[in-house]
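In what follows, chain A forms one complex with chain B and a second complex with chain C.
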Partner chain A sequence: MVGKIFAVVVVLITLATAYCVMAHVWWMPVDISVHGPKIDHQIEETILVAGLLFVAGQLVLASFAFVYGGATSKPKQIPGGAKPLVIFAFVLVGAEILALSFIGSKAWGAVYFEAPDPGSMRIDVQAGQFAYYFRYPGPDGKFGPLHPDLINEGTQNYFGIDTDHDQDAKDDIVTAELAIPVNKPILLTLHSKDVGHSFYVRELRVQQDFVPGLNIPIHFTATQTGRFEIVCTQLCGLGHYNMKAYLSVLSPADFDDWLKKQAAAQ
Partner chain B sequence: MQQPSAHAAAHHAPPKGFIRKYIFSVDHKVIGIQYTTLSLVAVFIGMALSWAMRIHLAWPDARIPLLGMLSPSGAPGGLMTPEYYLSLMTMHGTIMAFFVLTAAPMAGYGNFMLPIQVGAADMAFPRLNMASFWVTFVGFVLACATFVIPDGPPLSGWTAYAPLSAVGAVAGPGQGWGQNLWGLSIAVFCVASLLGALNFIVTTLDLRTKGMTLSRLPLSTWGWFINAWVSLLAFAVLLPTCLLLVLDRLGGTSFFIPSGLVINDQLQPHSGGSPLLFQHLFWFFGHPEVYIIILPAFGIVSHILPTFIRKPLVGGWKAVTWAMIAVGTLSFVVWGHHMFVSGMSPLMAMVFSVPTLFITIPSVIAVLIWVFSLYRANIRFDTPMLFSLGFISLFISGGIGGFFLAQPSTDSYLHATSFVVGHFHFTMGLSAIFATLAGFYYWFPKMFGRMMNEQLGKIHFWLSFVLVYCVFMTMHLTGFAGAVRRYSAYVDDFMVPLIPTNRFISVAALLLGAVQFIFLFNVLWSRFKGPKAPDNPWGATTLEWDTTSPPPFDNFGERQITVNHGPMEYDGEVGVMQTSPQPSVAGT
Partner chain C sequence: MKTQFRIAVLTLSLLLVAGLFVRSAPTVGASATGQIVGTAKLEGQAPHQKPIDMSKDPACAQLSGGATVTSENVVVGPNGGLANVVVYISQGLTGNEAAISSQPATFDQKGCKYVPHVVALNVGQHMTVLNSDKTAHNIHPQPSPTGGNAQWNKSQTVGGGPIDVAWTNVEVAIPVKCNIHPWMRGYIAVVKGPFGLSNDTGAFKLDNVPPGTYTLTAWQETYGTQAQNVTVAAGKPATTDFTYKAK
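What follows is the complex of A and B.
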């Protein structure tokens, strides 16, 4: 009786879980990046492979508990001992793993191994407790150098740029919102001024940590206009839960207007 | 098999006086109970912390008066601040991972059972063993002390990523002395674990009684033995890591802090360090650590199953043992999967992905052996068996999540979401706890000489099993929606719609915690009022069941133990003791 109850409970849990995943009760938002479909495909693929193992594993466990509870006949082993199980694990799981590794490495490679488009728009990102700031190079197309000793929240010098002495820094545009033109390759360089942070935009399928002391490049192309949240996913202190900024994907014309307004406000 | 001299070395005179008997005891059984009791206290503290967090997440305006009394600054009027949430989270992880999951199944049961299971009178180094426990105790006191110092506990998570953990109080409340105490506490815990691991290894190798060949070791002993090696190598790295962290904080060094950091508009006086170095060192320990938690669970469940299915495991002792050895070995080459999005080279991400996926194979082999051993068995559903079955189900579910997190491409979306929280709670958290509870119900009669209440045990199991799934499977699902972990409040536009689900998780978690009081009541009631336990209540075959309940101080009295059989001599109702001269029934 106990075995049968166990079996029923396990089956119910398995079915409920499978339903929630298949019916996308909680699910990823629509992807807005060029590379995203590869990641989504890989997640779907993994759901298939891992889901099969999950359902099969739980159902076999449940059925054995159901059938062999309290049996009084002489117990017997499966024929062949452990060998078929070991071979099964190596062949089936091994094949699934190899398949995932090869397909998965393509998806990963598409994000991280392809060099950014040489015509990418470059934007600097500075993360600090508990805000993001973004820097556009201005008309000269060059970023002024960074001087950590000049960073000062009070004077709103979030990056530590020296507009008095650095020619390249004079036209740099610093904003609190990340606006980008749609369908334009973007190359971000991530800096952190204090501790670890992260850049996570679910719709872009991008998550990348900021590491103090390193300049970390990431590149992507957004395919849809809209306003999306950039949130911090690396524990950075008491305001971690509230560290966010917005990503605005704009039409090229809207973007140019936006950037002009930002430049005028500097 | 063994040299008489080595065996004799473990003998000691019966202890005299309360202090030598129960406090500073060198008896491995007392030390095992001390560790188990410490873990029991720790697990209820850890659980209380998770209650406070779950209440705050579901009802951010709720006041928890007790918390206000504990920390007037962290929870003024009982209302939790965001930083105090992170402090509670940090200490929940720290206490659970180190003082519960690492301590109970290995140091607790292993200390009590391993010497008996190999037929020894005690551990190889009884005084070192006593030192291990008391050093662990000091570590625990240091960890708990963070709650009473003015700054409160650290808030950098149990992973204590630098530079947040390294720069000092400037990085936030709790990052002053709270983080110092944390670093010292874990360093001290490492020392205790290293001493314990040495004792386990030497005892298993040198103190086995006559006839106790390696092939006749119970699988629980194999689990502890393999785990001792993993612990020895992993804690040997965490110890210097903690010391370097403390040096960065107090000694003015810059191992983990790069130059040019500006915190609160102050340029930090450090240069040349690497935050990624800390992550590499931490996870070089941290990933083996999750196997340090799960390998004793593998051993315990493999030890318990044959008793309740009345036949040996498929493949005898070899298959599971080799699976455990493979898992333990591979555990040292997978750490980078915690760092796919950390800024580590993307090429290294692929290098770490492959062994991470491959470690699935020995894990799947172990699961297949447990599951297919049930085939044509005579299953007895006593509470230890139910928790073992629960362990298998949870471990399957947890393992499945691993496929998503082992691949850099899928991890880049799911990393740092509640999917990860659900995953590690299923695997190193609740699977390990279920195996630990299975071991508790199984060995309680031996440890205390009394039976636990079976009905309460079953109620404990059913409610826990269903509620664990409600809490942690739901976390997997919200992870797909991108619910970010380690947030003290859900304020982002996309997080707000998840609040009702989050409340459901909180309610289930609070109930899950409440159910554990049934267990606590059962433990305390049975300890003093439970029916007297026979020597071998489950009809088992290994040496711990071949002596009185509880065993005498030297485990077997004057008896000379000679082992003639493997540990799984079951054939239906028949179970042949390892010491029995009668012929084998199962060929183990």
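What follows is the complex of A and C.
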């Protein structure tokens, strides 16, 4: 009796889970990037393949529990023998993992191996415990060199730029919010001034670690205006929970206004 | 028995006299000690103080109520008065200064900035760190590694109780940062003897200075230190002004 109840509960849980996934209850937030559909397609595919195996596995478990759960005489052998079953499972799971990696590498490659658009807007990102700061090159289109020894949070010099001596740094604009124009290719360069951090915007389908000592490029194009959260998803210390910033995707006119205001506040 | 009685009477009368002395000390002190007054000024254009964008923590942005909060590296009032200058006696102390205040200095975190931006206190004097914000802070004073004061780093949650701390060595000044809100910066100046802190008009005052000749030092976080000699006579304020030149 217990076996039969267990089997029914397992089937119910399996069906409820399958429904939630297929009906997109608790699904990913809306995608606002050009490359996002590839990532979403890959996630759908992964969930489909893993989901089919999950449902099959649970049904097999339930049917075994249903048939043998209360039996006094257990079967002495797995029907068909254990060896072919193990080989079958091994080949099936192996093929699945290979297929996912192969298809997935295309989605990944589309993000990482495609060169950024040559007309991309370049923005520097400085991550540090526990905030992000962003740097725009200003009217000259050039970033001033970085001097880590000049980093001083007390004077809000989060990047270590020398506006007294470096000509290119004089018009650099440093902000606490990442604003970008919609439909414009963006090329971020990620720097960390202390430990490992991460740049994650769910709606952009972008998640990239910061590694101290490396300048890591990441490029994307946002297709919708709005304000989105940038969060750190790499445990970086005591204040990790509070490490975030906002991404504002603006119309080109709004963006120009915003940048002018930021330039005036420097 | 008789001796014990005499000792008791003597102790009691000594205590009485001591008590009278302590009670009347302020009036005695006022006539026997001097005062140093003065103004700290900035000559030239004060550097631009960049507005602080607190959007990372909505609780902070909300608290400023839409008002623009800026850095406070150089705070200049009317007529070039320079605020947040710590003035203290760096040489000439004889050890007969007034005892350190039993009143703790207060260092509050309000609107995601330190209030006051610079706090001055004596070695051994207590300091109370408060959090008036609806967000957690992390108080991280960074004394010089060789200065003898211990570095520490404590979190203070919303509604968290006050933190009590005292400093063991003279140090002007200890920078304080918040590990959660990187723009937050304050300073703790730990000194011996009388000290003053300039207000928004640049005026400062050192009370209860015993008569004598001293080296008076002024410290400002961006422009550094300046020193002057000053002679203090009882009952009459000595005037000393400090002028910093904008870089």
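Keep this in mind: the second predicted complex is superposed on the first by the 239 of 266 C-alpha atoms of A that agree within 3 Å, B and C clash if a C-alpha of one lies under 4 Å from a C-alpha of the other, contacts with A are read in each partner's own complex, and residues count from 1 in each chain.
Note that contacts are C-beta pairs under 8 Å (C-beta built on N, C-alpha and C of every residue); 3 or more make two chains touch, one makes a residue touch a chain.
Predicted, not measured: the structure shown is a model, and the values here were computed from it.
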Which of chain B and chain C A:244 touches, first, second, both or neither: both
Which of chain B and chain C A:115 touches, first, second, both or neither: neither
Which of chain B and chain C A:10 touches, first, second, both or neither: first
Dominant contact partner of chain A by residue count, chain C or chain B: B
Chain B versus chain C as contact partner of A:177, first or second or both or neither: second
Contacts of A:25 with chain B and chain C, given as first, second, both or neither: first
Which superposed partner A:265 touches (first chain B, second chain C, both, neither): second
First (chain B), second (chain C), both or neither touched by A:82: first
Which of chain B and chain C A:156 touches, first, second, both or neither: second
Partner chain(s) touched by A:231 [first = chain B, second = chain C, both, neither]: first
Where chain A meets both chain C and chain B, residue numbers: 128-129, 153-154, 237-239, 242, 244
In the complex with chain C, residue positions of chain A that touch it: 128-132, 153-156, 158, 175-177, 237-239, 242, 244-246, 265-266
Complex interface listing, chain C residues touching chain A: 48, 50-57, 71, 73, 136, 138, 155, 175, 177, 179-183, 185, 221
Residue numbers on chain A that touch chain B, as the complex places them: 2-3, 5-6, 9-10, 13, 17, 20-21, 24-29, 38-39, 42-43, 46, 49-51, 53-54, 57-58, 60-61, 64-65, 68-78, 81-83, 85-86, 88-90, 93-94, 97, 100-101, 104-105, 107-108, 111-113, 128-129, 148-149, 151-154, 160, 193-196, 198, 200, 202, 205-214, 216, 229, 231, 233-242, 244
Residues of chain B that touch chain A when the two form their complex: 81-83, 86, 155-157, 161, 163-164, 167, 171-173, 257-263, 265, 267, 273-276, 309-312, 314-316, 318-319, 341-343, 346, 349-350, 353-354, 357-358, 360-361, 364-365, 367-369, 371-381, 386, 389, 392-393, 396-397, 400-401, 403-404, 407-410, 412-413, 415-417, 458, 462, 465-466, 469, 473, 477-478, 480-482, 484-494, 498, 501, 570-572
